[in-house]
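Okay, got some structures for you below.
You will see two complexes here that share chain A, one where it goes with chain B and one where it goes with chain C.
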Partner chain A sequence: MAYIDLENRLAKIADLPTLSIVARNIIQITQNPKSSALEVGRGISQDPALVSKILRIANSTFYGFPGKISTIPHAVVILGFVNIRNLVLAASISKIFSSKGENGHFDREGFWKHSLACGVTSKLIAKRSGMKNLEEVFIWGLLHDVGKLVLDAYFNEDFTRVVHLAREKEVLLRDAEQELLGFGHAEVGGIVADKWNLPPAMIKVIRFHHNPTEANESMRMAAIVHLADVLCRAIGVGDGVDSKVPCVDKESWRLFRLNKQTIKRLFSEMEREIANAKALLAFVK
Partner chain B sequence: MEMINIDDAKEGMIIIREILNDQGDTLLKEGTALTKDLIRKLKSLGISGVCVENPEKNNSSDAMPSEVSTELQQIEYRFSNVRSEAIMEELMAAVKEYITEKDRSDGIH
Partner chain C sequence: MKIAPIEEDTRFLRKTVSDLREEVDQLTMLQDISEQIISNYDFDQIIGIFLDIVKELIDYNSCILYLHNEDSNSYEVATFRGISEKDLKGYKLDDEIINWVLKEGRWTQVSPPQHSNLKDADLVSILPLQGAKRNLGFLLISPNPEKNIFTQANVKRLSFVASQSGIALENQGLYSKLSHSREYIRNILESINSGIITIDMADRITQINKNATAMLGLPSADIIGFSYRAALAEDLVRMIDKAKKRTLKDGFAIETVFDYFPAKDLRIPLGLNSSLLLDEKFNRIGIIIVFRNMLALKELERLRQLDEMKSEFVSNVSHELRSPLSVIKSYVETILDQVDAHDYKTQREFLTVVNNETDRLTALIDDLLDISRIESGKFEIELYPVALSEIIQTALKDLANKSNRHEITVDIPSVLPDLSADRDKMLQVFLNLIDNAVKFSPDGGKIFISAGVSGKMVKCDISDQGIGIARKDIPRIFEKFYRVDNSDVYEIPGTGLGLSIIKHIVESHGGKISVKSKLGKGSTFTMLLPFGSNEGDKKWMKRKQSW
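Our next item is the complex of A and B:
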């Protein structure tokens, strides 16, 4: 049983590609409250493929303005900085991994379906608790499992064994990762998110989505994504590797005052919103 | 309670008496819904028979539409590792109720 030691692992992760220059620019521009829609538009325009992708998704029913947005500056004004940054980030990340690690063992489509469902569900949980920045919450859910893409692309042989073990023993992927590698996708995702200079809260959410209480000041955010992950699995939107439901973190459950009735209402909203978000699947795939 | 031959076991049947190996270790807890993989594993371990809930019912059409009952069994399978936790039991009950109620309202509309 191979165990990759810490040094070795970090050396491998240090080779990871960075986000595209356009994506890095956009993250920076959108984080500055003084930036204008024009500046964001100019940043995106440097990548024509991205321009057409963003216009296509901006005009989908997901955002509620079908066929009305014809230019990038218009899209920035209508959708807002955070939505635009989310789209650029998702497009850039899916592009990095699109050609790597595709060996049939890890179901990419299943991965993105689960990620999208988690994004949508995170938003619904946040909305219920009265939070305001819902688009920010969406991207936490969408990217929480990014470490799995890294493992599939850069630790492919090990990850293939992990996937097989999880399926064979019918255990959670994270347990198979611990058994074979001694570390997991949450840890790897956190390291990569840090390398990509993603916002600190997003890094914490990715790193601690299995154990939100360890996220300290970001506990509430990590708890939202943790709960979304559990709820998606409960209703059958697993990640394409294991379909088991992990045990929910009790503190997170109490924090959001979930019970049978609220959960049933959430399920109904989830189904509607997940169906709405299908247009985004073509965007990240 | 009825013991059936492992060859007659079908996906979705619910185990009602725990299955032990020769050493007395539990292989499957009662309440577990059988899956194709589990049946294959039991056979490979030399288990010849299992006690399941309403073996005839599982073979013929049920009062509940089969699609829903299959979904309910899949839910039990997904939760099979965490059922000792009260919160998870509550969550599982919520999923089951949601699926059953949704099916009923789909039937009405």
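Our next item is the complex of A and C:
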């Protein structure tokens, strides 16, 4: 199915997921470079449940700050704008899908485990290559499969068939999607992320995480998440529906100068960091 | 409560777009300015520019820069602004917080330190300074509370400036380490006793130490960067060419010695060796050439030998002194204890031996005194006309009872001009030479003494058929303390002083002495001695010579 057709088809679904207003506002506020911690704090404080949720995770071992964080502005100046925006976004997205499409075929907990592991691994790969804004990279990994949630919630019947096919024939989910639907979770995720006004890089990463070379100038970003995805499947963290390990994109492998030794080191770092990220699972589940 | 979605607020969206544009402009400008930092190798300047830019961006009240000290493995105050030294202590933050921020690597605001003058609401911020691989330190900023500085734009800008400064500081550290180690190697090179030149693979001189400049007589060390072919003398270039060829083939060239003429009439024997210089990947990067001044080495060797000779001399002299004394002692004891008081014949016989040994001792001590006079420059001769034949006869008479196994033939023309000589000293010369001829012919044989006029000199030969002198010893037998090592064949006593004293006496008369010899066949000592003036000048001359 052509991408434009898919866009049209999705647009017709009246109740296609929308982010909460608070989350939408936070995305807007954090896109303005002059926004201050106070403004972000003010934006979040309109949702008291979110405030307490964020403060809980801000004080968790995941961030490990040696001191108490008692207000949202305080959380912003300590954890940074990107971390706070990530939390708001993750909380909002997980909330949308928490009540929809749960039918037992698609393991939500397994999904989030894999997503978290991808977020953490993306960070590790990015750090190795000298990137600095690692929090941004984390959310790419965390949200790269958001299309699966959309498919499960809004194309439930189709997606159930896809899941069955993938499991029966032991093929990759994305191959089953192509066979039955003519489109996949990556494209769907890209369209939804665009609709949510997520930052352009994030949209590209979600859409091209299977085929980074097609992301053109955003290839490096898509490649990070692609590699993280493959590595997480290789060590079997979480559940990506199918249990197969997709082929690594050669260009991406070369771009990040990976080899047996660096992978070995990455695996041991991943193990530690993924264990450390468990606190976040309760946050998104 | 109804929350208004911002995306419907067109004013906010328009502002975002314009703020984003401004942000791009500012970051571009910042990037240009930061080149000042990154291209700098001066520690204080890097820090100065860094603090200025931070001030410009967020207008802090005060700041303290902490840098990591590798030796103490802790962060120490490097510099501070807007705060007095005594207040520094109050601004010390909890280590745990510092470490957390450095691990996160992000500009972070935290509650002010307990003992500072700040209110709890006035957050201080920590800006990490990171190099490529490690934390270099951090800037503790106490901001102007009036200003709302914690914006995304500032996070980005400060991180950018901090990372540029971090890289600059790291480069500066590497640079200063590099120049430190260069200086270190330079010092080592300069303190080495040899001359050292290094060249690169394009024959350019890359390093030269002062010793090389001095040894090779170069006007200055300003030849670094020039080809050695252009900068050095032709004969030197030839030697280096040879060594280079060898070195490129084998990795080194063993020492060759050649004569170098750094200036007219100045000859230095130089030793030259060389080896390849490799980089860490074993690529050839040049050749090191080491020069040694062999002159100094030879002098050292000469002194060492002299020292050896002196030690041997002391042991010889002790032995020579001891043996006559032992003889004297034993004969005198025998006379006292065992010879009948009236047996005058035996007493006389023994006393003759004592007398002879005493003479030997006296001669030896005379030799020692002579050499000490010669060494101290107090050796004097008094010249009178003396007949050579008279001296030889006296010498033969003195030596008459020494040996009866030798046949001594004297062949002197009846008319021979008188020598102008110190009679006693000249007698000493002949006594010594004839005695040697006897001594070194242990199996007997003929001894010839002949004389004749040769130009303005009297030539006199004393030949024997004794053991002779090895070719290698001939040039040295007139040196003081030198003894031909023939102990394994013959045990001939001596101190190694006689011939050197003779040579000195002969030369102080204006004469010459030389020797021809063949091992096992015998030796001939030849002297050329000046004869006196025709008027038979009675006035004696006094000569003073020092050796």
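The definition used in the following text is that the second predicted complex is superposed on the first by the 268 of 285 C-alpha atoms of A that agree within 3 Å, B and C clash if a C-alpha of one lies under 4 Å from a C-alpha of the other, contacts with A are read in each partner's own complex, and residues count from 1 in each chain.
Simple rule for what comes next: contacts are C-beta pairs under 8 Å (C-beta built on N, C-alpha and C of every residue); 3 or more make two chains touch, one makes a residue touch a chain.
Computed from a predicted model, the values in this text were never measured in an experiment.
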Touching partner for A:Val77 - first (chain B), second (chain C), both, neither: second
Contacts of A:Val230 with chain B and chain C, given as first, second, both or neither: first
Chain B versus chain C as contact partner of A:Lys264, first or second or both or neither: first
Chain B versus chain C as contact partner of A:Leu38, first or second or both or neither: second
Contacts of A:Val245 with chain B and chain C, given as first, second, both or neither: first
Partner chain in contact with A:Val51 - chain B first, chain C second, else both or neither: neither
Partner chain(s) touched by A:Trp253 [first = chain B, second = chain C, both, neither]: first
Winner by number of chain A residues touched, once chain B and chain C are compared: C
In the complex with chain C, residue positions of chain A that touch it: 21-22, 24-25, 28-38, 46-47, 64-67, 76-78, 80-81, 130, 132, 197
Contact set on chain A toward chain B in their complex: 170-172, 230, 233-236, 238, 243-248, 250, 253, 259-260, 263-264, 267-268
Touching residues (chain side chain B, partner chain A) in the complex: 37, 71, 74-75, 77-82, 85, 87-88, 90-95, 97-98, 101-102
List of chain C residues in touch with chain A within their complex: 1, 3-7, 12-13, 15-16, 19-20, 22-23, 94, 96-97, 100, 104-106, 108-111, 123, 125, 132, 148, 150-153, 155-156, 159, 163
